[in-house]
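Next, two complexes with chain A in common: one pairs it with chain B, the other with chain C.
After this line comes the complex of A and B, so read on.
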């Protein structure tokens, strides 16, 4: 089967020949994969992707800028710990969306994470998740892996948000899901899932199964199978650095390295399925522009989304940059979010599942005002 | 004669003026379109200025995956037609958000691990081939840093797959653990016994490369008897912090 990436590589030159063309929007059916990496605690988007071309960055932040960010373009740089991701950017396999957030400004982890998972404007207003709903509409329920359940909410009703909405009343989301997947697969996939099940449920291996790097590898290996899962959710916790967040080195940069290697492990493990995959990060909110008195940053609003996968055709940073002058900040303290991150989620659903944008925003997000950024990320 | 001349002059004036009016109309059409996007054309006055030219070139470049554009005032009519035609709505959509192209000029460089492990080109014993052996790297204090499976093809190690383990952060050896297989462990960070499970396809090398140099220092086992002589055995090496590790192969089949 011709991959979408290959298709676009053939199609693009032809389109460029016709005056002032707009690159085509393709909807050829693909067995796309979506992997969501939840960055829990609120990732500091300005530390990850510093707008080095904005002079106010250095006025607002005295110490919390890496000393040697890799320059992406005149406005943006990237923290040096994202080396694998930078290579993906260079090879047009990754993109960045900056000054973005889910529509939540309340600065509560619980509410913010709920909004990020449900896709609703109001926290706790629904008991299903945007990805699960999208899977239902795309009729690919039952093929999801949520390999790393956040411990704090495991077993709670809202945790069903991670799974296809049709999976309810689970005795344990993780075991039930794995059981379901085992039921719907056979052969090598079933064996792999069984191993995964045993590995994640027993003794010391339990720790191992929740390690994001291991999970990335396991998820990729499972998802590259012909009839393997098409969705996976991974979690990297501990982004809530109110103190000693780090700059060039430190805790946040260490998490960047971890995230960077998760991207890499996914790519390696997915093999040729990488071409049909989009990996996106989510985080409940960004962090304050200025550091606090403990060399950390507090709960904020706008942050950044990192995307990678073969479904991307041309790398870029997508941003309506709001600026970092005090007057430009949300409530004079946070990076303003000028892109509703649900637009990014919609674009990923459109690219991987083939659903129409208008359908997605109406049925999955129930908000017809969500803008389409498919062309900006996948065009 | 005079009348004819006058008519010609009037005609020329009208033509020029009419063309100019039309040109201004086209520029205005572009400007009005751009004001509904994030590309600022300046005031919508029908005059082709620097701002208008920059804005329309930026939009069209973004719509064409950053192919450079050279749209001038003389293209205004064509552009206006494009914006008013079937591609208008898509261009409007594209114009709602800015894309900044990636232009990395610095060398990202080879991603290197600080560890000293390199399993490539380790010759165990010439002319020996085993489909599968187990390998372990054991710290002198007993905890296992790595384990996995290798094959031996004509005496050279070939990865099957491997898993990297790091010890407890509380062991007081953070300086080692910090370098351990891409994982940072701290007393308060990502805790406990954390492995780095890295997928390495057969015959491939892990990236970042884990370096270990055994080669000629490899001690071929002669005892105990369940190690096959010349293939299975162990090798001690010392890292730069003075810690000694043992690399061993076993269970070849």
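After this line comes the complex of A and C, so read on.
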């Protein structure tokens, strides 16, 4: 039986040849890949990508600015721990979007987390994720590198997850047994067991190679394979620190290094497929502009998104900078978000899946007001 | 309606093992569990749980302090690194208490008689999540579970809320120990030295959002800020508790408390507190340590707390499809009893028994039920047979009770986000999660169950479809695994 994915790659150009536009597709579907790195908690965007050209940064923040940021342009610098990402910026394979957020201002971690994955304005209002819905429309498969299947990817026609087991004295279950177990289930559990049975999980893996770096390599390797997944979702935990988060060094900077190496591992593992890939981060809440009393920052609104991959043609820092003077802050407290992060997600879907912007905002996000930022990010 | 006693015991507990005495009057037995103290069995149900493995909060800090003191001493010594690490590991192994706490959780779920109370313990431990694994907090999580939550399961919610909020584990987990009143003595002195000092709102935000009223209450950022001001002064970093206590005692800066035990259970440092009155959700709170209790009382009595927790309890025991009517029974009881947990838990039992809705069991609940119902001797160690002594080189107990909870993604000692483990079925359905269940079922089979797959299916009135599939399994291991991994066992 021909798989749906195959069907598309064969059928769509044929349709285009005969002159019929494929509804929803802006051009002939490209074999692009999307990798989302979910930063669990809130990345402090002003610490990661400090607007060093804005004097108010140093008025608002006494300590939480790295002492030696690399300068990107007159306004923005980048934390020195982003070594690999900086190189990608130099070689026109990375972009930054600043002063951005999903359209949620409530500052709750868990509502924010839900919105970042569902892409819906109202928290807890849908059971599918924005990426899953986009995959559904583009008929694309994907993989989550976690024990669970995150909301972000739900709704996709085919998705799977990968997170190697490490239980002593056990081995992967036999297909015949899995099939029998499947017969006792219905619905979502049956579907998941069916995937397990079809050996959609990758073969034997090294025990305990489940840290973000190893999983990034794993993701890149499987996405490089013929008929491999075209979407991967990774998580980096522990971005929910509130005290002593660090400036030049410390907890947040250590996480920057980890994130930076995840970008690097993805690029190395994807090899030639890196050219067809876009990697983007999501954060679940922004951060206050000022430090709190514990040498950290609390939940806020605007933050930053980091993007990398060969689908980018020209690096840029995309921002409609709102300023950091107290009067310019959201509720005199947080960085204002002047770019809806759903615009960024839409641009990535457009670049990787070839879906048309208007189609994406109408069908995936159900909000026709989302602006197109594709040209700014991808150059 | 749960007529089968074995199924009913799974709906609200961990099921009955082949060695359990099945109560004649199951309703009376349920209520009895709430009102009475049940003995906790020793490992493998041999004798009673050894008293020496019940640690007071003082003992926990003493063990931690002894380890830290020794570690610092070794670090300063002029010996090679390997030797240093070896000594530090040995000291940590000697000091650790979480391995006993984890064993107790397993043991109680598998052998103790108060299974409804154990399930409630898991529910409330998850509601008041304190993530571990910073190396220190794991010393006190067991205290929160056994000495605070378990002992207050039939008290009032306001007591429980206050005790949890002021517990050193919670104060540390949500960073309150570094939240200092902006006009406090300590903040002023720190600022003179050019340091930053002030509030963070981590605990304040989650106290409102997760533990009590939920965002549905529509409180403001100012309410969160002022809650943080009430909380300022509470907490000491767990790793420094004893040292800080001694320091503050010297400075006579501890509000009214001089004894270590008293300080630990109400760790309020006056010099860090925010002076003056604070207004939260329209109500004014005075300065001083008594304000926190007044604040938690107000939150405990709030109608939105009753709504939030009634729903959460219903979803936990009944399932995501719990009807409004079912939630309302619990809610009405909450309101009428003013948050008396014994009454609220009785109401939860009542609706759980009458419901037709099923709950997809949490991985650990499923695993403990699988072990208990099948009668497998999964916990092999007992005191005379080595017990906790069998620690491998990597510092993990040979039988990895903590490691297995990690593997199934459901470990109350793990580092995780403060909203705790999900009650939603879909969050637990993935190829990897299901792979783990099959592996665990296979491990349980090899631990020598006394009930076969077919016997379990008969005992629990499985559907004909599932019974037929079990019959198709090749050999007793496959039949056993199918029974435990069937929809009939996973959902109850």
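By definition in this document, the second predicted complex is superposed on the first by the 281 of 379 C-alpha atoms of A that agree within 3 Å, B and C clash if a C-alpha of one lies under 4 Å from a C-alpha of the other, contacts with A are read in each partner's own complex, and residues count from 1 in each chain.
To be clear about the criterion, a residue touches a chain if its C-beta (ideal position, glycine included) is under 8 Å from a C-beta of that chain, and two chains touch if they have at least 3 such contacts.
Every value quoted in this text rests on a predicted model; they were computed, and no experiment measured them.
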{"item": "Contacts of A:238 with chain B and chain C, given as first, second, both or neither", "value": "both"}
{"item": "Partner chain(s) touched by A:101 [first = chain B, second = chain C, both, neither]", "value": "neither"}
{"item": "Chain B versus chain C as contact partner of A:299, first or second or both or neither", "value": "second"}
{"item": "Partner chain in contact with A:291 - chain B first, chain C second, else both or neither", "value": "second"}
{"item": "Partner chain(s) touched by A:109 [first = chain B, second = chain C, both, neither]", "value": "second"}
{"item": "Which superposed partner A:276 touches (first chain B, second chain C, both, neither)", "value": "neither"}
{"item": "Partner chain(s) touched by A:257 [first = chain B, second = chain C, both, neither]", "value": "first"}
{"item": "Partner chain in contact with A:89 - chain B first, chain C second, else both or neither", "value": "first"}
{"item": "Common interface residues of chain A - those touching chain B in one complex and chain C in the other", "value": "238"}
{"item": "Residue ranges of chain C touching chain A (in the complex, touch as defined)", "value": "174-175, 178-180, 182, 187, 196-202, 205-206, 209-210, 215, 221, 360, 400, 403-404, 407, 409, 415, 417-419, 425-436, 438-440, 442-443, 446, 463, 465-466, 469, 472-474, 478, 481-482, 485-488, 490"}
{"item": "Chain B to chain A touching residues, read off their complex", "value": "38, 60, 63-67, 69, 78-79, 82, 87, 90-91, 93-94, 96-106, 108-109, 111, 182-184, 186, 189-190, 192-199, 201, 207"}
{"item": "Contacting residues of chain A [partner chain C, same complex]", "value": "40-41, 62-63, 106-111, 127, 144, 146-149, 154, 160-163, 165-173, 176-178, 180-181, 183-186, 188-189, 192-193, 195-196, 200-201, 237-238, 240-244, 291-296, 298-299, 331, 333"}
{"item": "Complex contact set, residues of chain A against chain B", "value": "12, 16, 19-23, 25, 70-73, 75-76, 83-84, 86-87, 89-90, 92, 204, 207-208, 211, 213-214, 217-218, 220-221, 238, 251, 254, 257-258, 261, 264-265, 268-269, 313-321, 339, 371-373, 375-376, 379"}
